[in-house]
Every structure is written in C-alpha cells, then in structure tokens.
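Should a chain be cited, it is by its letter among A, B, C, D, E and F, assigned in written order, with residues numbered from 1 in that chain.
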Amino acid sequence: MLHNHHLKIFSGRAHPQLAEEIADYLALPMGRLTLGNFPDGEVFVRIEEDVRGRDVFLVQPTCPPVNENLMELLLMLDSFRRASAARITVVLPYYGYARQDRKDVGRVPISAKLVANLLTSAGANRILCCDLHAAQIQGFFDIPVDHLLAAPVFNEYLRGMGFPQSELVIVSPDEGRIKQAIKHQKVLGGGLAIVDKRRASATETNQANMIGDSVRGKIAILFDDMITTAGSMVGAVNIVRANGAREVYVCATHPILCGNAVDRLREANINQILVTNSVPVPPAKQLPNLKILSIARLLGEAIRRIHCNESVSRLFE
Amino acid sequence: MLHNHHLKIFSGRAHPQLAEEIADYLALPMGRLTLGNFPDGEVFVRIEEDVRGRDVFLVQPTCPPVNENLMELLLMLDSFRRASAARITVVLPYYGYARQDRKDVGRVPISAKLVANLLTSAGANRILCCDLHAAQIQGFFDIPVDHLLAAPVFNEYLRGMGFPQSELVIVSPDEGRIKQAIKHQKVLGGGLAIVDKRRASATETNQANMIGDSVRGKIAILFDDMITTAGSMVGAVNIVRANGAREVYVCATHPILCGNAVDRLREANINQILVTNSVPVPPAKQLPNLKILSIARLLGEAIRRIHCNESVSRLFE
Amino acid sequence: MLHNHHLKIFSGRAHPQLAEEIADYLALPMGRLTLGNFPDGEVFVRIEEDVRGRDVFLVQPTCPPVNENLMELLLMLDSFRRASAARITVVLPYYGYARQDRKDVGRVPISAKLVANLLTSAGANRILCCDLHAAQIQGFFDIPVDHLLAAPVFNEYLRGMGFPQSELVIVSPDEGRIKQAIKHQKVLGGGLAIVDKRRASATETNQANMIGDSVRGKIAILFDDMITTAGSMVGAVNIVRANGAREVYVCATHPILCGNAVDRLREANINQILVTNSVPVPPAKQLPNLKILSIARLLGEAIRRIHCNESVSRLFE
Amino acid sequence: MLHNHHLKIFSGRAHPQLAEEIADYLALPMGRLTLGNFPDGEVFVRIEEDVRGRDVFLVQPTCPPVNENLMELLLMLDSFRRASAARITVVLPYYGYARQDRKDVGRVPISAKLVANLLTSAGANRILCCDLHAAQIQGFFDIPVDHLLAAPVFNEYLRGMGFPQSELVIVSPDEGRIKQAIKHQKVLGGGLAIVDKRRASATETNQANMIGDSVRGKIAILFDDMITTAGSMVGAVNIVRANGAREVYVCATHPILCGNAVDRLREANINQILVTNSVPVPPAKQLPNLKILSIARLLGEAIRRIHCNESVSRLFE
Amino acid sequence: MLHNHHLKIFSGRAHPQLAEEIADYLALPMGRLTLGNFPDGEVFVRIEEDVRGRDVFLVQPTCPPVNENLMELLLMLDSFRRASAARITVVLPYYGYARQDRKDVGRVPISAKLVANLLTSAGANRILCCDLHAAQIQGFFDIPVDHLLAAPVFNEYLRGMGFPQSELVIVSPDEGRIKQAIKHQKVLGGGLAIVDKRRASATETNQANMIGDSVRGKIAILFDDMITTAGSMVGAVNIVRANGAREVYVCATHPILCGNAVDRLREANINQILVTNSVPVPPAKQLPNLKILSIARLLGEAIRRIHCNESVSRLFE
Amino acid sequence: MLHNHHLKIFSGRAHPQLAEEIADYLALPMGRLTLGNFPDGEVFVRIEEDVRGRDVFLVQPTCPPVNENLMELLLMLDSFRRASAARITVVLPYYGYARQDRKDVGRVPISAKLVANLLTSAGANRILCCDLHAAQIQGFFDIPVDHLLAAPVFNEYLRGMGFPQSELVIVSPDEGRIKQAIKHQKVLGGGLAIVDKRRASATETNQANMIGDSVRGKIAILFDDMITTAGSMVGAVNIVRANGAREVYVCATHPILCGNAVDRLREANINQILVTNSVPVPPAKQLPNLKILSIARLLGEAIRRIHCNESVSRLFE
C-alpha cells in the first residue's frame, strides 16, 4: 500500500456549514460527495473523488430529522468502507438518541447503544463527539471515541463578559445537571444553586423552590447540555427570576429547539441564550438574544490531532 | 426455561392494517406496543406485555417514509432482544433499499446489504419477506430467510377473470423483468412480448417498439415487482396500447406510488391495476381501477408454518 | 433436543452463603461444582453433575478479591459453555469495576465495559445484577440484562421502624447521589438535603455545609450505592451531625468495607448502618450497629421469573 | 511498524500462467511459495520468503477442480494471515460456485455466499474479481470488492475485426443475458436479438425461435459470461444458424469447458469462439477457432491501482 | 416455536455405510438428502424432507478425498442452517487436516484451526469427533466438542483374545505415541516398550532399536491413532520383529491407507491389523488380516445422549 | 494518518526488570504508565504519554499471582486500544493457564483457550510468547503468534561448559517431554534416557526405573518446560541419581517455583539448575546453584524484527 493517507473531510446533509468551517480551519477543500433522495425517499450516495487509502472524516450531527440524518450517515459509511478508505472517523457534534441510554422501565430499547452498534456495524473506525448526554456512552463503543467538551468555549465567552465573581451564581436547572454546574463554578467562580424541580410544576412557576446560594440580585447562569422543547429550561428560568435574580443567562451546547421551544424562549425573561453550532439553527429560530458560539475550531483541531497522532486529551489541559 | 414459546404478532407504524389481517388469520390478538415520537422526532418504543421466551413476529414493511420505518424497526428489535424474546422474526412484506443491491459504478453503497447488516446487528433472528427485487438478497443474510412469492395470488385472481388463453399476451415492461413474465406465462398461457425500452422514451410513447408476440387486438397483462413513480410502467402501457392491445392490465406486488404516480396511472389507459397490500395505499391514492389483493393469508400461513416448524417452501408446490 | 431444561444454581467461591439462600428460596439443591487453586494459584473448575441442556445460574459477586473472583467466574463460564448448558445466566449481585465506566481523563480503560466484554466472550447468555453504579452499564451488554433494585428492601425495613414523616430528612451524601435520595424520599416522605462536599474536606468535618431542608433535630437517613473505605460516607455523617441531626442512619447496598472502613464506621456517630448481603461481610467486620438485609428472596424470585419467562420488571411495580 | 509494504504476487496451483503474466505486467518476480499434497491428499503450503508487512495478492481462480482450488486458497490465506502480511487481496478471475447465488427452491445452500464467508473467515482483506455471474455477489462481502469487467477486452477485439454495423446483430443466447447483450450493442452498434429458449429444446434446434432484429444474412455475435458444458450455447448457435445468420461469433469470459463441451463446440457451426484466460484452457481443449484474449493487463493494472490507492472504477470510464 | 425437535441423521457421501449403522442403532430412518456434482464439479445439495426445528446430526468423516468431503460438509451446513434446523451437530469420526495443528516452522498454516473456523463459520453448532490427533484441537473450537475415544473398543476386542498378561508387551511405534501406549497398558496389563525411531531408518529396519521391556518371545501390540502410508508403522513392526517378538498386532483408529499402504501392510509380518470404521475401507483394501471394529454403537450412543441431554463423558467411566 | 508508528515498550507489574532489559537491548526508554490498585483491589491504569498511532509492545508474563497479572494485562489492553495505539503486541514470556489446554475429563474448562479469547477480545493484535506448554496453543489464536524457543539459550550455555559428548546423557523427566529431550540431544549429542514415572512414586524414589541409555557414571541433563512445585522434577532427579549419574543438571524455561519448590530443590542433589528470566525469581528463591539465563536479547530481537517486518522464524535457523 502506498502511503498517501491524506486527510479528507466530507459532510452529510445535516450540517454542511459546520463541516465547511472545520475544513476552513484545516485549510482543506471539502470532499466531493453527491447526496440525494430517490422519489420514494431512499437516500442515494455517490463519492465524487478518490478515497482509497485516505483518512476520512464524516461530519454529521444526528439532530432532527434524526432518522434521516442517521440513515444517511450509515449509507455514507457503507460507501466509504466499500470504496476502501483507510480509516473512517465519524464526527458527531451531536449524538441523537443519547438520552435513551439505559432501561429505567422494562421492555424499552437502549437506543443510544443501538446507534453505537449500527455505526460500528456500518463501518465506523473511530468516533469524535462532543458533550455526550452521559459520558458512559463512550463505553457503548469498542472502537476509540474522542469526547470533546464545549465547556471551555462557554467559559471563555462568559469570562469575556466581565461579570464580577461576587455577583455570579451558577445554577443547575435540575438535580441531574449539578455536576456540570459545579465544573463551571470551579472555573467561573461565584455561588452555586439548584432548581428543585420536585415541587415546581410547569404551571406554578412563581414558586420559589431553589436550594443553595441565593440568586437574589445576582447574575444567574444556567447550564444544560441541550435545549429541546425548552419547557424544562424555561421553567427553571422562571423559578430563578421568581427568586429575584437580576440577570439570567442560559447556556446549552446543543440547540435542538423543537416543538414550541422558540416561542417559549422568546417569551421567557432571559438576557442571553448561549449555544454552540453543534447542530444547525435555521435563521427563523435565531432569536435576537441567541448567541451561537462556534465549535468548528475545537473540532478542527481535534481532527488535526487525530490525523497526526497527537494527543486530543491535551486539548483540555 | 419453561416452554411457553407462544406466537406473538407485533406491528410497527408502517402498516398496522396488514398486521391486523395477519393476526386475524391466525386468530391471535395483536401484541400491545406503544410507539411514538419525542418532540425532537426520536422514536420511542415500549412493549406493553410480557414477551420473555415468546416467538415474536414484527410486521413492518420498510416503505416510505423508509428511514423512519427502518429506524423504528431497528429500535423495536433492540427492545424485543433486551426483553428476552425467544426468537424474533422480522416480517418485511416490502424490503426498502432493495434496488441498491450492487455497485454498478464506483464509490456507492450496497444499501440492500447495509440494511441486512443493520437488521442482523439489531437482533433479528429470521427474515420473512415477499417478492424481493433480486432473489440474491437472500444471500445478504446469514440468518434464515423465507422468501414468499405473490405470483400465485395474482395468477389466481387473473384466472378468475376467465380470459381465453388465445387472447392473452403476457408482457414484460422492460428487459429486466422477462423472467418474471415467463413464469406467469407458464401458468396463465397466452403469448409473450417484451417492451423494448431502448428506443422508447417517456416523451415518444407513440412508437411501437415491442418484440415477441403481437399484442394487436389482444389482452395484455404487464408484470413488474413494484410501481414507484409509474413513469416506466405507464411508458410501457402506452407502447402496448400503441401496438394495438385491446385491453391492458398492470400487475405489481408493491404499490409504492410516489411522486406523481397516481396522476400518471389515472391518465393512462389501463383497464385494471392489480397490486397487493404489501405496503399501505392511502385512500386518496386508491384509483377506481386499482384492485388491492391481500397477501395477509399468505403471510399468516407462512408465520404459522415457521412457528410450527412446518415447511414454507411447500406453500408454493 | 429433549426438554429437561431444569433450573440449576451454582456458586463460585465469592459468596456461597448467598447462593445457598437463593437455592433455599427456590427449594433447589445447590449445583455440585469443585473449585480450587493449583499450587501456582491457577484456578481449577470441575462441574460435578450433568448440565447438558440445563438452565444454569452462576452466582458470583465480583467483590474483593475482585480479580480472583472475576477470573474464577470466567473459567466457570467456559466450563459450562463447553459442557453444553442450554443457557447461562451470570448472577452478579455486585458488579466489580463498575465505577470505571467512562474516560474522564485520557488514556485510561473503561474497565466496566471490559468486564462486560469478557463475560460475553466467555459465554454468558444473560446477566442478572443489582444496583449498578451507573444504569448505563446495562448498555455495555448486547445480551439481556435484568437490573434489580434493592431500594424496596431498604424502604420496607425503614418503614417498619415507624419514623414519623415530619421528623425525617433523606440526605444525599454528595451531589452524585441526589437522584437516588429523591427516589427514596418519594416513597418514605420527609425532607430532602444534600451534603455539599465542595467545601467539606475530610479534615474539616465540623463545618456545616448542607443545602436543602434542615436536619436540625431530625432523623437523617443517608443513601449511597456502596461503602468502600467509608471515608466519604463518614465525612458526610459528620457534617450531618454537625448540622444538628438527632439520629443518623446510613444505607448502602454493597458493603465492600475495605481499607480502614470498619474503624471509621465504628468511630462515627451512626445509629444504624443498613446494607445488603450482595457481598459477604465477614464476622470480624460485622459492627453491632450493622444490619444486613437479605436480597436472596429478591434474587431468587427474579431467577424464578427468568426461568419461567415471567416479567421481572413487574417485581418493581 | 516500518513501512516496507511492498507489493507481492503469489499464485496457487489453479492458474500459475496467468499469475506470471500479471507479475510480468507489474515487472515483479513471482512470490515464492511451496504447494503440494501429502500422500492422503491434504494440501500443504509453505511461504518461502518474508511477507511480514507486505501487500500480498493471491491469484487463484476457483475453476475446476473447484474444491481443490478453493481449499488450497483458504489454506494459503491462513498461512499469509499467520505470517503477518499487512493486507491480503484475493484475486479471483473466476468465482466458483457463483451460480448458486439464491434459493430458488427450499432447503438448498446459497453456495456463493458460503464461499464469501469462508474467504473472509480465512483472512481475506479484499477481493478482486472479474465478470461475476451476478453483480449482487459483491454484496455477499463486507470487505471491499473490486469487480472488473472483461467487456472492453472483447469489444476492443471485435472492433478490430471491422464488421460493418449494418451487418451486425448482437444476440443474447437466452432471456437471462439480455442486459449483457444490450451493453455490448450500445458499444458495438448493430441490431439486437434474443434466442427464445422456451420453445427451443436441445433436440429440436432446427426451430427458428428468435425475437428482435432478424439475423438473416447477418453477422451474429452471442455473449454469455461462461461456457461450461456448452449445451446451452450450442443450442443457441444452432437456432441462430437456423434463422439464417451468415457468420456466428460466440463470446464468453470464462471457458470452463467441462463435460463434452469441446466436442459440442467443435461440431457446432461457429466462426470464432472468443474467451479470456480467466481460467486455464489446456492445449487439448484449444480448438482451432478458439481465441483466448488475455485479461492479465486488466488484472495487473487493477492490482497496481489498488496497491497505489488509485481509482479502479476509472479503468472503465 | 412448537417443539418437535426430533433427532435426524443425515450423511454426506464420505461414509454413508457408517451413518446407516448409526441410524440402525438409533432405530431411525436415514434423513433424505440429494448430493451430487454439477458437470463442472461443483457440489449440489438438496435436503429432501422438512428439517425446521429438528436436531440434526451430519455424519461426514473428512477422509480422502479430503477437500471434496470437507467442501460437501460445509455446503451441507449452509443448507441446514438456511433451512432452519434447530441445532446442527457435525459428526466427524475422522478429522482431516488434524496433523497440521501448530506451526513448527515459519509461514505455514495451522490447517486444523482453519478447518475449525470454517465449520463454525458455515453453521456448525456442535462437534462430535473421535480420537483427535491432538486433544488440544478441542480448544480450536468455542462451540461444544464431544471427543470420543475408541480405546475401549480396541481393549474389549483384545481382551477377548485371551492373551496372558505375562506374554504381552504394549509398544509405542514412536516417541510421540507413548502416552497412548501407557493408557492401553494400564488396561491390558503386560510390559511397555518404545520403538526408538531416531536410529531406525526406513531402509535399515533390521536394527534392533527399542527401549523399555523386551519383546523377545512376546506378543507385541502396537498402537497409533492412524495409518496413512503405513511406512512408519511397518518400520516399527519390522524393528519389533527384529527384536524377537513372537506375534505382532497393530491397532489404529483411522485406516486412511493411502499411497502404497496396502502393499506395505501385506508384505509386513503382522498377525492382525485392527482398525475402526471411522473411515471407509474399500473392499480392495481389506487385507485378510485386517479386522474392522465398528464404532457405530459408540457414535450412536453419544448422539442419543447429546440429543437427550445425558452425559457423554460418563460413556467412558 | 501521519506515520510516526514508533516502537514503544510498556511493562505491567509482573516483571518490570525483564521489560527494562528488553528496552535496553532496543536502546529505548521504557514507556510511562501508572499502575496501581484502588483500596478495594481494583486495578487502575493510566498511560502517561502519547501512544496514538504507536507500535506498542506490552510485556507481562502471566505468572503468579496469575489472576492479578492477567486482569492487569487485560485492563492495559483496553487502555491502549481506546488510546488509539496503531498496533498492540502482547509479550507473554510465560503463558499462564497453558497446562489446561484440553478436556481430559468432562465438564472442565479449556483455560488456555479462554485466556486466548480474553486477550483477543480485550484488544491484542499479536502475541509474542516463549516455550508454550503445548505448541497447539498457537492455534487457539486467529491473530498472529510468534513463538520463541529458549532452547538455543540453554544449548549455548551448556556447550560453554565443555562436557565431553561421551559423558553426556540427555534425560526426559517423564514420557511427556521426550520430544523436547530428543531436540536437545540432537544439538548437544550424548545419550538419551527417560525416567519411567509409572513405577516411581514420590515416596519410593530409590527405585531405579529408567529406560534408554544408562546414566551410570555420566553427566545427566534433564529438560522440562517449567518447574512449579518441583515435586515431579526432584523425583526424576532422585531416580537419575539412584541410577548412578555422576552429575545432574536440570534445565527449565519457566521457574515458577511455587509451594515448597525451593526447599525441594535445595535438598535435592543437583549440580546446577538452569532457568530463564521469563518470570521473576525473587532473591529469596535464588538458590546458590540456580543460574538464570536471560532471554531479554531473544525477546528484544524478536520485537525489533516484528516492528521492522523482518523474519522472526529466521532467528532459529
């Protein structure tokens, strides 16, 4: 085998803009690929350049429409494997089905594991992902997984806003996100509080159920990994406001924004909503107070290091 | 293990009506299963009754929306496997992605094989399918595949119409379906002809390019495995009419009917269109001259035989 | 194959007493098995009765000495597979290496996944386990996993103590166990509080860092999944006492009790320590205020249901 | 791993002459390998030079004696895998058992899939094959398959004969090979006809059952993928002659020539029989009107491109 | 699944007579199966009766022609797997390629392991074999292997001959079979001796190189696992005779008898040659002093016990 | 992928001294790795330098404590695989559980095969081992195995002692090691004898049961692959002495020396005990007449050749 294992970046149809930003960071042209649907909806794939022996990265967040994006990714994998790519890394800035990661009741799937099995079965050699809903999903794979964290991107932006530490309170919007809140608090300083969702219902948001440091008169920053319908987050925001917070910032890596999320967020009293471009946010959903931070440099640098056999974990030291 | 390997039929959301007809034939209640979508489009599955040690059959044609139906099927498989079903047979009256069964050009997927790998990886123990686009797809699996043929259902109906053999001509709508036409001609008698599509374009259908027995003044019956956009089939019908056929019947197992298939078929000069219920045909697409023949008895009897360890191939002797 | 798939219970050397209690519940004799070590420490296994076609359950918590117990289990699996058991269920009341379930830093193993792969590779057909450190470990397997919860055993015992709800506070010993505490609080009633470990160090336990409902003058019940060195739990107990709790109860499913755990617990001001017999507690470690609740009935009933193809999840409804 | 992944060509005993022609094209010496049979018929293999880390190509058509050639190939694969070759490509100019590619009746093997599984299981990393009986066999593999077509070799030779297009008719010897005939007709021009084998039996070859363009007074060229007993092909030739063809040429990639094929071909009225050297034709079977076209350049160029990570599909553009 | 897992015995073409004897022992009719070769030598298989859900045993020693017999067996396995047999046990009274069980030199196959992999890959669920050349071959499989010993059959016959123990010497024909000789000597009594082949060449057999008890004037019984060309065994016999043995008996489980084995044995001075019917001995090879002991009862009883889930190892207690 | 596939040597805790000697031979620094145990005995692993794309060799004989050493090795494999090493070779100078390599009785494990499966499942790409108890263990793997022989190391040392061939007798301590004795005798010359253990018991060692050349007045050299409790070897030495040997040398590759081996060897009348450093011998066990020969050069040279794709088998020509 001759050694022209050049790096190539290809994008599915889920988020070509992110793929292009990554390619720009790496100073590479986008790999040429034709994707489409037959009249009956079946996906077709044709790779339009040589990929034999190349080190291929496929960028495809499996955001909504999740089943379309996932099947397209699987068909891309089959194409690249049969076209003799030397190595295929799936770049999943957002991992669809991640929340179904265990059986809490009987007779349900572990969808996140199924997805892992499907990706491996279709030919993935490695996974590069970002802010998994549960870190244990790494263990759903036996192929190597590089797990990036967007936290430094948020922290860097927030530090740039110059909030005095004494006025900050980091807030976990529910008990499931306390660890994430603590990690941010360690970097950003300030107090720590938890919204106690047991007693707060969506309809009675004026109740003041919080535990931890008081947010009264403070700048509250809430962190979650994703915003889907925004019901849960907006409920938390309302409680934080009812407890007297002066300013409220909301941070979430993955802006899925489905259902009436946009309406809820528009009506909520939020100073700024910070998200990343791990999934596309169509212009119609880009509220004036929505700030999209790019993770293209983070992904691009990780890809470069994977390709060059340099340490990825050192990115976070 | 105690032995209550009772037969259970479950249906995905692709075609519950067919599943119910099958269950009726078997005098069984439908298995209880909750299927739905989360607000972000992810599918959820919950099996609502005990399935440990049961002999489970999942009915799900992977017709459009193919990616939705396929992912739902894969998630059902994961659920039943983890719920300890004794055996899971996937009943695929229609096999989506079947036409992408080889690489005719470089750097494309073999989608039909990918689907086979995904089904096996997700937990299928057996496959029951019907009129595969290519019989070689059986070999894409290492698990047992029972391949049913709808031909007897068509032939029985057509014989019931009492056409005199001397007036019949069986027509292959293109050179790829000649073998199928010959098989029907052996049973139904009459002549045999082929539409020569090389010279006939969709826009010049008045040309009379046919080879084989003449259809002039005869009853022509065209057979294909599926109708998708109907462009190809209606083109063939027009040629057959241009060659002087008196009556034209069109038979196809799988009525996908996508794009403007219904309009095309409505405007074509066809006496009757015979299809099966391998995939659902919504009422809006049920043209007055569309006759849907049920394969529920065929599938039901095959399921009974599989469950009881009786011969399925004997169904076709 | 004739059908004498009788249920058989076998025990490794990790916890034969539990296996016997399970067998008693099922009114079965223990399966006969010789286990030992060669002079060089290699384990030998010989099954001393017919197991062809039997439904075999191997009881072996992988508690310390974890590597000995795990290798013995793997060798038992190889023996039973080669001896043609019809099905082998590994009963793991305690899952060793469960805490290493993800990569928090670079270049470490995901030991809990490795263990899952080893068990499957050695021949396990199913897993029956109890109070996994993270529920996602179920997804480390593609074979069926039944995950039992000891919570009802604790709740039943605690309700029997007749504490008035108004005097109870359920306490999470750190932020990682809040969900577990909430679940118990929903059943037992009373208040909810969290020990805030960020500011409490092992040496400064007199500080009063708690958030949530006050424990002053109340009966505090702390829940964790396991006690290893007891350093963390005793630290939490001290904080709870420093905050004025009147009585303190500590509950943990798995009493590993290694290092100087027993000394720490003896010196701590705890009214009662409740654990289960998921792992053996040698007499020397059985403090006067240690109460061991048996999960033998729970495991035995689950085994009976698995063998008889009855629902296990219904055990928790 | 140091990088001396040099290309090496090795040959089994099925067709060393072809392997040598390929090696000549690549200007490489043949790899040294000892092959033989023990007195009881078991095959022995010993590789006589270093192959660690080499890019190895094994040339072995699985022509008759098919079981001997296939087992020898499997033992070669095991040897090279255990000898640490970097990559092993099986070069199968002819794929034995290819015709048994589906189950047309119950309870038969899918032999072509079994062969695919055996090759993969024994250590093949890639397949390079030529004119598969059914293109779907590519999908029997999950490893990459390069599928070469001998059609350009035939077309180039035939064009060199200078037949006027107006006198040519491309003939499919039966309804199963129409697609192949159409492809040649697109390149070579002329008419198109099909021998209608339904009515023509081996004993009544004087009947004139053909459909399509008339061959009367024309030069007929028949195409098939292989000639085994020649019964079917000679039957078609006789019909073509009975229909008045002036000259008859027969083309087939794989000259298996078993049973009394040679006698049949000698007695048939054929101007020239064109085949390739995909399988060896012993001198005794080389009829005066048999022309063997070499595919060594085609295979050699494909091997060079595979080794150098260049496009193979571009060979056919 | 209904439970008609009846036992069925099928035979390949290697040794139908043995299969029939086994079926007789079990009072079962032979399973109906059509086996043949296409004109090009490819094997065809068709199972002629229902086998769904049956417990199938395939009898096929892989004796010469080994590659034909092995490929036929693999094709049978593929057929039965695809025909939905409940379980397939391969009965290999003789395991071809067993002597190539390790790499003594570099770059050779481990053919016996390749065969194990091929059998498993083709669908074998269990193996039943007899007197493997090396017992370690059991470990080449991960499916269950039952390993029968023909020693009791030989010992029973020899005891029936009434040799006084004081006149017997058990002889190992070379240093590799000493363990086998010792096992027989433990049962039959008498002395023990070893032919020292280092100094004895095929051409100088009159040399008296033996170690251990003297055979002078004694009845020598030589044991080996197989006789192939008989060169080695006849060399040992000659040495034993040269050392003054009064009578010489030769015992070997597998009478392969290839090359000029029969001539060598005819000319050697042997009182009786005892073998089993693990492989067929054609009449032309049945020397007057060749006694064939049947292992059909042994195999039949093992099959019965496997089917009924009874202990097979107890057969040898 | 960039190509910095540098060679790296890492050591587990079983035998770091040997790993360092190997690294010295290769003029490489030892790879940095943290290994330890949590308080409950679970092993932790952290690789302390980049290993992406490196060619990694893990040195870990699985000597006692075998289960600790083996589990540590498996966890190291998981770590290196997930850390994206290009290739992982397990260097097993001693293969624990090797003696349990077949089923001599029913219902026991084939532990040596289980170990092979565990290593492969955990991520080993190749094995480098030394003097396996049975050469067939190579076939327990489908990954490449390089099997080194320590015989040349012993022979070179012994030749250096200048024994006259006429005074030497090579002795097999039992009938299972005759082949090994013969191999040494071919190189060293002298006579050959076997200790006949059937009649010699541990308590009656004064009996003179030997077969073959006489040792009276000679220098006897006994060879075995390992010394565990030394009971068997010392028994053989006593017999050899009782037969009048003048000097006795004992050679064994693997000095496990467990139980009261050291006491037995001290009390036995042995001139010198030669072993290798395949496993560590703690100073307390280093008897004055124990000579440890290093195999570090042998292992180091094999590693160099594997890394550079040079022939390893040529090491023994």
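Please note the rule applied: a residue touches a chain if its C-beta (ideal position, glycine included) is under 8 Å from a C-beta of that chain, and two chains touch if they have at least 3 such contacts.
Since the structure is predicted, the reported quantities are computational estimates derived from the model, not experimental observations.
Listing every chain that touches chain D and chain F alike gives A, E.
Number of steps on the shortest path from chain B to chain F, with steps defined by chain touch: 2. When the CA atoms of chain B are superposed on those of chain C, the rotation angle is 120 degrees to the nearest 5.
Averaging Cα atoms per chain gives one point for each, and the point farthest from that of chain C is the centre of D. Counting C-beta pairs in contact across B-D and across A-F shows that the higher total falls to B-D. Annotation: the chain B:chain E pair of sequence copies touches via predominantly different residues, less than half of the used numbers being shared. One inter-chain figure worth recording: chain C and chain D are separated by 63 Å, centre to centre, where each centre is the mean of the chain's CA atoms.
For the pair chain A and chain B, the distance between C-alpha centroids works out to 40 Å. Chain A and chain C have CA centres that are 34 Å apart.
Across the assembly, chain A contributes 3, 82-83, 86, 103, 105-107, 110, 113, 117, 142, 145, 311 as residues in contact with two or more other chains. Across the assembly, chains come into contact as A-B, A-C, A-D, A-F, B-C, B-D, B-E, C-E, C-F, D-E, D-F, E-F. Residues 3, 5, 55, 86-87, 126, 142, 144-145, 306-311 of chain B are the ones that touch chain E when the two sit in their complex. Residues 101-107, 110, 112-113, 117, 134-140, 142, 145, 147, 175-176, 178-179, 182, 192, 194, 196, 198, 211-212, 311-314 of chain E touch chain F in their complex. Of all residues in chain B, those touching chain A in their complex are 38-48, 51, 63-68, 70-72, 74-76, 78-79, 82-83, 96-97, 99-100, 103, 105-111, 113-114, 117-118, 121-122, 228-229, 256, 258-259. By the touch criterion stated above, chain A contacts chain D in their complex at residues 1-4, 50, 52-54, 81-84, 86.
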